[in-house]
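Consider the two complexes below, in which chain A is the common component and chain B and chain C are the respective partners.
On to the complex of A and B.
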């Protein structure tokens, strides 16, 4: 497998009057060509900031890329010039966000918004781009694309808007599609349509997808591998099958157990006690130590080194390091 | 079988669409359109459906937070809509609601003891401020908050803790029936499970009856005894949870269930995904005949013209579909 994207020790911090927020702290992962990597975690765990850092979309200031490398085909996104990153955005890396109403410009017609990146990145004339836009809308299965291309975003339903967003994101056939909670705002039956569409198109244009969501069900339907984040840290990375069949980090275990699934039979849900810690005021050591039932003294002093089991199951937990009870 | 605590008969709630300079009524959004059902004491009725299907309007109209257009709701044998103001006020202690967003449903200027205790004083459940404080501490304790947190303000709490305050506020007046309107939808997974367990415990401790409104089928499956499925203002299927999930009758229920992403990998292999065509039609212009016919994979001509009968197909299991009724 060839790696398309490799992120090494990414640190994206935010500086505010209340202190430093380490939104992504020492995050490392890779995405293979043609693969879908899921990033899962609760609100504030840094999954969105990590994904936005990839194309340098985090506003600086207040944000700052403190360290690390983001290698797309060997090119470091954090080092390239502003001009180069603009070429890459939309062309090599494109994004789909959660709220299609706020990420589409309300005063421009759908066609013009899709055309824009085609004209910019692929040098098409307005006329060509318009025709290509209709083709893209057809590709994402919007009924009557010839009409919709001249519609404004408000005229479309949520599901249709998200399809238009996907059309826009795929217009230049990007190598990496970053989908940040793309179906969270949609209804279940519409979500099923959009997920189906994304899987189909991914095959068609041979792109890799980074799929960010808090919904474990969606992860299992969409992703090849999963990365679990907690309070800015990567706590576990494994194949989707491994994560659900054999979760190892106490947080992952708790997260999966506490979500009622269609097949849940017990009468009480598993509970992770306590609350997600405030990023302004993280506990020392492992951020999960305040809620973990296996907590040891060393958990409170330093974040554990990552351990790799079975070749590719990465865990950051002292239970699995030398001398740990599950080692 | 225990008695029905809530009975809803032919309930309708239409919202007028006004347009033009004189705000003339030009149409109606039929948010709840001829809905009938009952809930037995001590049971949880889950209401599922997609956005705009009228599930929240149903919950609010039942409590007379919204005035009904037509129909009847009886609570413990009394007609809710035929009550005087005073009777209605007394009824409020028995019927409570918990909303989705714990940020906007708590007054930011009041400390927790006032939020939770205000209604107790109002309704004469406690006689003095001192008694109120004791009662508040007891109730918030049951909801997993500490006594010293009673004097804090909502902004000092996280989302999950705020939802605990909302639950404490609802429980404070010793209700019998609570409408939970997407009560856990805004919460993170690990917090959601805490609140769901809390709601279950409260139900056991106080013998409560819930109307549990949610778009999340896995949560509804977990907490409910019975489930009603809504589609554009109507209940298309209702029955005991087991029947709804194992043997759905209505094609919409079938599609809805198949669309829920599950992380049970053993299920994945056998599951057939039914992808529905098109969008949910607007409740301002619901399709003729069966409202689901525009998206239904089994639709016949009769579905476009005739409204199917809402019928008890098996014991306690109702559905509204021509196919199920054997019309074709």
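On to the complex of A and C.
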């Protein structure tokens, strides 16, 4: 399989008065062409920062790309000029954000917002872009696209707005679509519709998707592979099937166990004890060591090297390194 | 889906009431009776100022020194009487209105332009640009206003363009602050992030995407600003530092009536320009307040 995006040792840090926050620390992963990669983790684990870094959207300062490479078709996003990155944004890499209610500018009509990137990246005239916008709205299954194109965002419901956002993001047929919790703010029925739509359109324009969420149910429905992050570190990467059937990192195991299960009758949900560590004040070694039930002495001194099991399953945990109990 | 049913209603004749943001503003403004009356009065005043050269039989500086034409009380030929050199005061009043309102408009336009550009750059980029712009604004705000006006007009001479420039240069900081404050909150909105993710350049993001969101506040400020500039220009002209005779302005028309005898016995010299100033300033203020309530109904309570 051909790799569309390859991120190597990305380090995105934030420099604040209270110290350095390592929002993405030594993050490496890749996305194949036509594949959907899920990124899971709790709030503040660096999933959004990692995804924003890809099109260099992290605000600098306070953020800073300290190191690493982000290769999109071999071109390093961290090294290209400002002008080139603007050409890439919206054209090669598109984003869908979480909050459909505020992701559209309230003073512009829907059509104009979709037209804008078409005019910018495809060099279309206003008229052509307007017609194309109607087509895009039709593609995302908005009823009456000829009317909606002239509506202001406030006239649309949340689900409709998220569809309009998808239309905007896909207008220029990007190679990579980054969806940052696109369905978190939607109710479950609309969520299912939007997810189906994304899958369908992904096939149609042959794009890859990076899907960020903390909803494991959505992951299982959407993704080919899953990357689990904790406190800025990648702790486990595997195929979706593998992650659910055979989670290996203690954090992933805890995460999957915390998912409510309809088939069991237990009255309490499983929880991972403790809290996410303060990113300003991370423990030395593995950040999960403070909550981990298998914690060993060496966990507290250094972060483990990544281990590859079964060809594809990458884990960063001493349990699986030499001398580990599960090795 | 719920939305399609709303659209279907249209076909069955139940028209969905749909207004844009500005449609809502206009609707709320129209329900505000005071603001609408002010608007009508202003339109009348401005209208008279515009058409006066075309309809008045008297020229603006046409003096008439013959005794029967000088110092006349209002009559059917001279609606507001004449002054001591025989000029028709009705004509002069509205010529003066053109100058006073024109100066106010030019000042407001200029200060808004400066304020918007500097304010949005400061708010958008933050950091060092913000610090520089806002400290310069603080400096301008701490100038003693009248002293600066007196100094500049005595150095540069008091022509109308200088007056406009001085007033605009001294008053841009307030609008810059308003714009900066708004931009600071708006730039964090998700749609601005979405904009950036689409590859839209900074300049376009500021002036095409952010400014329309700030415009409402600027319009309110500009309307209220008109009132304050009229007052300032009038006081400067009264002190002989603004518009200088023979060009009339409401301020220097009152100044010509400074004499105690004139005030006592020749009311037509100073009452009409006084009322004009009062009425137009009040109307601009009421209209500005009305616009503010219409734009942000939540602010009313």
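The rule is short, and it goes like this: the second predicted complex is superposed on the first by the 321 of 327 C-alpha atoms of A that agree within 3 Å, B and C clash if a C-alpha of one lies under 4 Å from a C-alpha of the other, contacts with A are read in each partner's own complex, and residues count from 1 in each chain.
Convention: contacts are C-beta pairs under 8 Å (C-beta built on N, C-alpha and C of every residue); 3 or more make two chains touch, one makes a residue touch a chain.
Being a predicted model, the structure only gives us computed values, none of them experimental.
Touch criterion met: A:168 reaches chain C, while chain B stays clear of it.
Residue contacts after overlaying the shared chain place A:305 against neither chain B nor chain C.
When the shared chain is aligned, chain B and chain C each come close enough to touch A:160.
Judged by the touch definition given at the top, the superposed model places A:144 against chain C, while chain B stays out of reach. Contact with neither chain B nor chain C is seen for A:206 once the two complexes are overlaid on the shared chain. In the superposition on chain A, A:103 makes contact with chain C only, not with chain B. Shared-chain residue A:76: touches no atom of chain B or chain C. By the document's definition of touching, of the two partners only chain C reaches A:87; chain B does not. Shared contact residues on chain A (touching chain B in one structure, chain C in the other): 143, 157, 159-160. Chain A meets chain C in the complex at residues 55, 57, 61, 85-91, 93-95, 97-99, 102-108, 116-117, 120-121, 143-144, 147, 151-152, 154-157, 159-160, 165, 168.
Residues 42-43, 143, 157, 159-160, 187-193, 195-196, 214-221, 241, 244-245, 254-256, 258-264, 267-273, 275-276 of chain A are the ones touching chain B in the complex. Taken in their complex, chain B has these residues touching chain A: 50-51, 158, 160-161, 188-194, 196-197, 200, 215, 217-219, 221-222, 245, 255-265, 267-268, 273, 275-276, 278-280. Taken in their complex, chain C has these residues touching chain A: 1-4, 7, 18, 20-21, 127, 189-191, 193-201, 209, 212-213.
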